[in-house]
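The first chain written gets the first letter, and so on, giving A, B, C and D; residue counts start at 1 in each chain.
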Amino acid sequence: MELLQQVVQQLINGISLGSIYALIALGYTMIYGIIKLINFAHGDIYMVGAYIGFFAITQGGFSVVGALLISLVTTGLLGMLIERIAYKPLRRAPRISVLITAIGVSFFIEYTSMYFVSPTPRTFPQMFGDVAVSFAGIVINGQQMLILGITAVLMVLLTYIVQKTKTGKAMRAASFDTETAELMGINSDRIISITFGIGSALAAVAGVLVGIYYNSIDPLMGIMPGLKAFVAAVLGGIGILPGAVVGGLILGVVEALVSGFFSSTFRDAAAFAILILVLLVRPSGLFGKNTKEKV
Amino acid sequence: MFNSKKLRLGLALLGTALISSVLAGCGGQADSNTIKVGANFEMTGNVANYGSATLDGLKLAIDEVNDAGGIDGKKIEIVTADNKSEASEAVNAATKLISDDKVSVIVGPAVTANVIAESQVATDNKIPIIAPDATSPDVTVENGQVKPFVFRSCFIDPQQGTVMAKFAAENLKAKTAVIYVDNSTDYSKSLGKVFKEKFEAAGGKVLAEEAFLAKDQDFKATLTNLKAANADVIFVPAYYEEVGKIVKQARELGITAPILGTDGWDDPKVADIAGADALNNTYFSTHYSDKDESVKPFVEAFKAKYGHMPNVFAALGYDAGKILVDAIKRAGSADPEKIQKALEETKDLKVGTGTITMDKDHNPIKQAVILENKNGDRVMVAKIMPE
Amino acid sequence: MNLLRKNDLKMLVFSLVLFGVLQVLISERILSSFWQLNLVIIGINIMLAASLNLINGYTGQFSLGHAGFMAVGAYVGVVLTTNFGVAFPVALVAGAIAAGFLGFLIGLPTLRLRGDYLAIATLGMGEIIRIVIMNIQYVGGAAGFKGIPHHTTFAWVFFLMLFTLFFIKNFVNSAHGRACLAIRENEIAAESMGVNTTRYKVMAFTIGAAFAGLAGGLFAHSFYLITPASFTFMQTFNYLIMVVMGGLGSITGSIAGAFVVTFISAALASWPEFRMIIYAVALILLMFYRPQGLFGYMELTNMGFLRKIFKKGDEGNA
Amino acid sequence: MRELLKTENVSMVFGGLKAVSDFNIRLGAGELVGLIGPNGAGKTTAFNMLTGVYQPTTGSITFDGKSILGKKPYQVTKAGIARTFQNIRLFSELTVLENVKIAFQSRVKYGLIESVLRIGRYFKEERAIEEEARRLLSIFHLEVLADETAKNLPYGAQRRLEIARALATKPKLLLLDEPAAGMNPQETKELMEMIRWIRKEFGLTILLIEHDMALVMGICERIYVLEYGEIIAEGTPKEIRENPEVIRAYLGGEG
């Protein structure tokens, strides 16, 4: 299997992993864009989405699409609930206390889920396992195609919502400046709540897809992907939707290449190294513009 | 705005509160009619599932004895402490069990690193400990000397590694092999070392050695490299969570060579994660086969109490409980040093998964079995007593 | 003799008395060894909380890399004592210097960043340190470093904790400390007042990292084995919670925070599932009702009801 | 009169927008000069260039004979230029006394070790700083509020503290950015008195941005007028009042 085949195979692995990071990163970018909060709990919302999908499929007997929809809706509502209870009262609070609250919410979700669904990992039933396309020794299996497909659909849907609809315009306005947006008659609380809903729903989809792709989930699975998704959001330029997608894909590919050609034990270190490089060289990220602090 | 008064009062507050609460903290003298046994397990943190499974097995063994009237009228009370899957917390939990709860013996923890961390405290306080699942040799022996108060109820890696290396070379006639270990556990790394040594001694050649980390999800990248090496066998001594994914992703990448493993594979979940057909043509060594007649009573008792099949951790927890009870009976008292002596003299004891004799290194002489995963079932291929 | 110096002496005498009382409790076995170990851990946590407070509380630079510095101090210390037989105090100092140097290296580039970005960048640095250690087989990699001599005693911890608190208190009360406070309050105004903000941010970072390394050395030598898993960013969150609960910018706060948090996790040890849930809820409620923490910017003695008691012996001192 | 400050065709471009272009001013030692112009004319940007917060895109700035291009704000302050801000930037959680003490920080000689072990020059220098700071506060009638935290001060007192703090850095040139903003006529009159007094007392050169014409015309000897980043007029208050360009810029007449 010459080098080229190996590289292409790694790229495919990387892009599928990258799409999952992208889905979570979108949530991060939208939420950070509007209320400037690193939502540490976002990774755990992804985990809750995975569990809801798991129970929908195993107990509820739903199909994959059914499970995705259920998880998408329920987790979206959960995201809005969390924003309503934990973050809304702190709208005017100093940044550090909102960040600590996010850490608290993250612990809360992790350990309440661990209490209800027990720490032992749950296994997703086999799905799309047999379907696979392979040419010249390179294999793309069913799950990878599912991930790429659903991610693409969601990207289109999201761009439509943000660019074309009234709510989308309000979201963009609020992300520039919430106070001024309010002066223009935008109910910023409603918009922030919707943003949390959409962001959490996307993370839920990512959760279900990971359940199908790696087919085992556990209550602490959200911590690392949550952080990596933030790296992707920063890499692409925080607050910029296409940036989160591109950042996610780049991160997925880099991780696959590092594990493939160097050693997988340095995979997480590579992700953080990218983060620090980007923050130092181009803090506004690939697509962001450099904003000077006004004196 | 600042002055040095604050420190004085800060420390005064700290000192008084500390003294009062701490004096209240110690108590719990051993009342006469129960024998207190400590259970130091991983209840939270990333290996919580191994810890809680072993504890289930231990509880089963202890309940059996208590229901049958305890040991000459005395009931055994299990005092649990959570070491949060972390070495320093294991020492913390052990110290609590020894100094506060005044236990006579401690069972656990499950993972090697935590047992080694705990063994120091146990030896200092002369409290015997039984490690149910840690198979790495340096749990009981440290640079040549056996640790007097550390015992074990499972076989050790050299035995398991040798059995699998011989099996690959002789039964599967493999000439080349690749090894894929979990870099975050002693268990996996020492098995990899032993296998390489014995496999090369038997004339085989190890083409590549790769590593992954516990909690990894995506192994495709490294497996693609291993596929390129196309060795006769792949040896993956790791726990079922990662093993399931590795086998599944290996088959998806078109790797058909037999994949060999060790007792970490022994859990029904491996089949759920990897899928029955991906598991075909894989073999692993473990402590017992649940098809084995002599093990049936334990499996039935476990299913009756917990409603699901036991995994290897539960079985080993049960064995540790059986060994403990037998030792306390022979010691005839709750005195830790008498129990320690009795543990050393354990001979031909019938436990859940077979019969056990404790050797001079405090490791049990037990049989190892090799199972093959075939169309969703596990067939016993060989039963080997250590030579 | 200046009043300020007199107060320091009174402080020292009081601490010696407190130490004597606790040491007697320990040697007379009144304190069970579980609570002895917890005393040592509380002392170490106070050092970590106070040093993190110097960076986050006094200088306003939100760092989440503290566990990484602690790991460096721990591993450098144990390698020196176990493999090279170096004396315990020398190994501790070496560990602190190594961690401080790393704090300097990390401080220089990242301190241009602000708030959230600095938090995530330092978190990333801490994780990189942990992952690098995990891949060095010489120190046992992920499986951990074994055979560490048990050098840490309560006396070592108590006096090094005292040294840490005095160092930070005196630093904060000096012109250099005031420069850090100015940076926290308003960096641009501080710069326009002649404060070389980069130099002081890196200085705070280096000092904080050095003390974290010192605490790491003490931590490592109280356990027979250390693994990289005890130095993750979740550990840093623990110290952050101590500082925030105690009060950002208050040393008494850090002491109280470290005591309360360690005490809660020790007391809840027998209900593992609930420990973290209670912890999380406490954190959220704390941020709602008392975001400035128990002591806020106040030090214990500046509180109203205490001011009267101490007014007489304390006028000249501001 | 010795020339203290000279800027030659200094300009500042923010991504295509020329905020300030060929900004040439001269300040003699001891002068009190005004810098006026409509909002967004680039006055504060000019201040930021003079104090090293922004590096000018083109041109040179010489202060006291030496170029201060490329210098960081804290180096510019050490060179002898102090400033106040349009929106007051006090150290709100610190006390009034400590706000002023920060200014002495760059001239402190005792090192880190001396401050931590409380030996050597620490106590002597701290006492000197304490006295100097209290003396400055008394000049600005803030002595009684010494231990009050800055954020609790009334507006007028906060303004005075900001000026006192700037003076504590012992500057040669003081840049005041709209000191009279938000003040009633009575407070503005007092401010005028104070500016005249500190100029004489501390032998200062002062450059003043201000919208309150009564204040500017009242105390400035010379005035520069800035519009869309360019200097459109320079001269005595009387010349400026009659200059058609200035009237057009301000009143928007055909002019």
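What we mean here is this: a residue touches a chain if its C-beta (ideal position, glycine included) is under 8 Å from a C-beta of that chain, and two chains touch if they have at least 3 such contacts.
Everything numeric here is computed off the predicted structure, so don't read it as measured data.
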Central subunit by CA centre of mass proxy: C
Pair sharing more residue contacts (C-beta pairs) when A-B is set against A-C: A-C
Distance between the centres, which are taken as Cα means, of chain C and chain B, whole angstrom: 36
Chain A-chain C separation of Cα centroids, rounded to whole Å: 34
Between chain D and chain A, distance of the C-alpha-averaged centres to the nearest whole Å: 48
Contacts with two or more other chains, residues of chain B listed in rising order: 1, 44, 46, 183, 213
Set of chain D residues in contact with two or more other chains: 53, 85, 94-95, 98
Residues of chain A engaged with two or more neighbouring chains: 111, 114, 263, 265, 295
Chain C to chain A touching residues, read off their complex: 56, 62, 109-110, 112-113, 115-117, 119-121, 123-125, 127-128, 131-132, 134-135, 188, 237, 240-241, 244, 248, 273-274, 276-277, 279-281, 283-284, 286-288, 291
Residues of chain B that touch chain A when the two form their complex: 44, 46, 48-49, 52-53, 183, 210-213, 215-222, 224-225, 227-228, 241, 244-245, 248, 252-254, 269, 272-273, 275
Complex interface listing, chain B residues touching chain C: 1-15, 17-19, 21-23, 25-26, 43-44, 46, 80-82, 84-88, 91-93, 95-96, 98-100, 112-113, 116-117, 119-121, 125, 138, 142, 183-186, 189, 213-214
Chain A - residues contacting chain C, complex: 32, 36, 38, 86, 89-90, 93-101, 103-108, 110-112, 114-115, 227, 230-231, 234, 263, 265-266, 268-269, 272-273, 275-276, 279-280, 283, 293, 295
Footprint of chain D on chain C - complex, ascending: 2, 4-5, 8, 166-167, 170-171, 173-179, 181-182, 185-186, 188-197, 203, 249, 297, 318
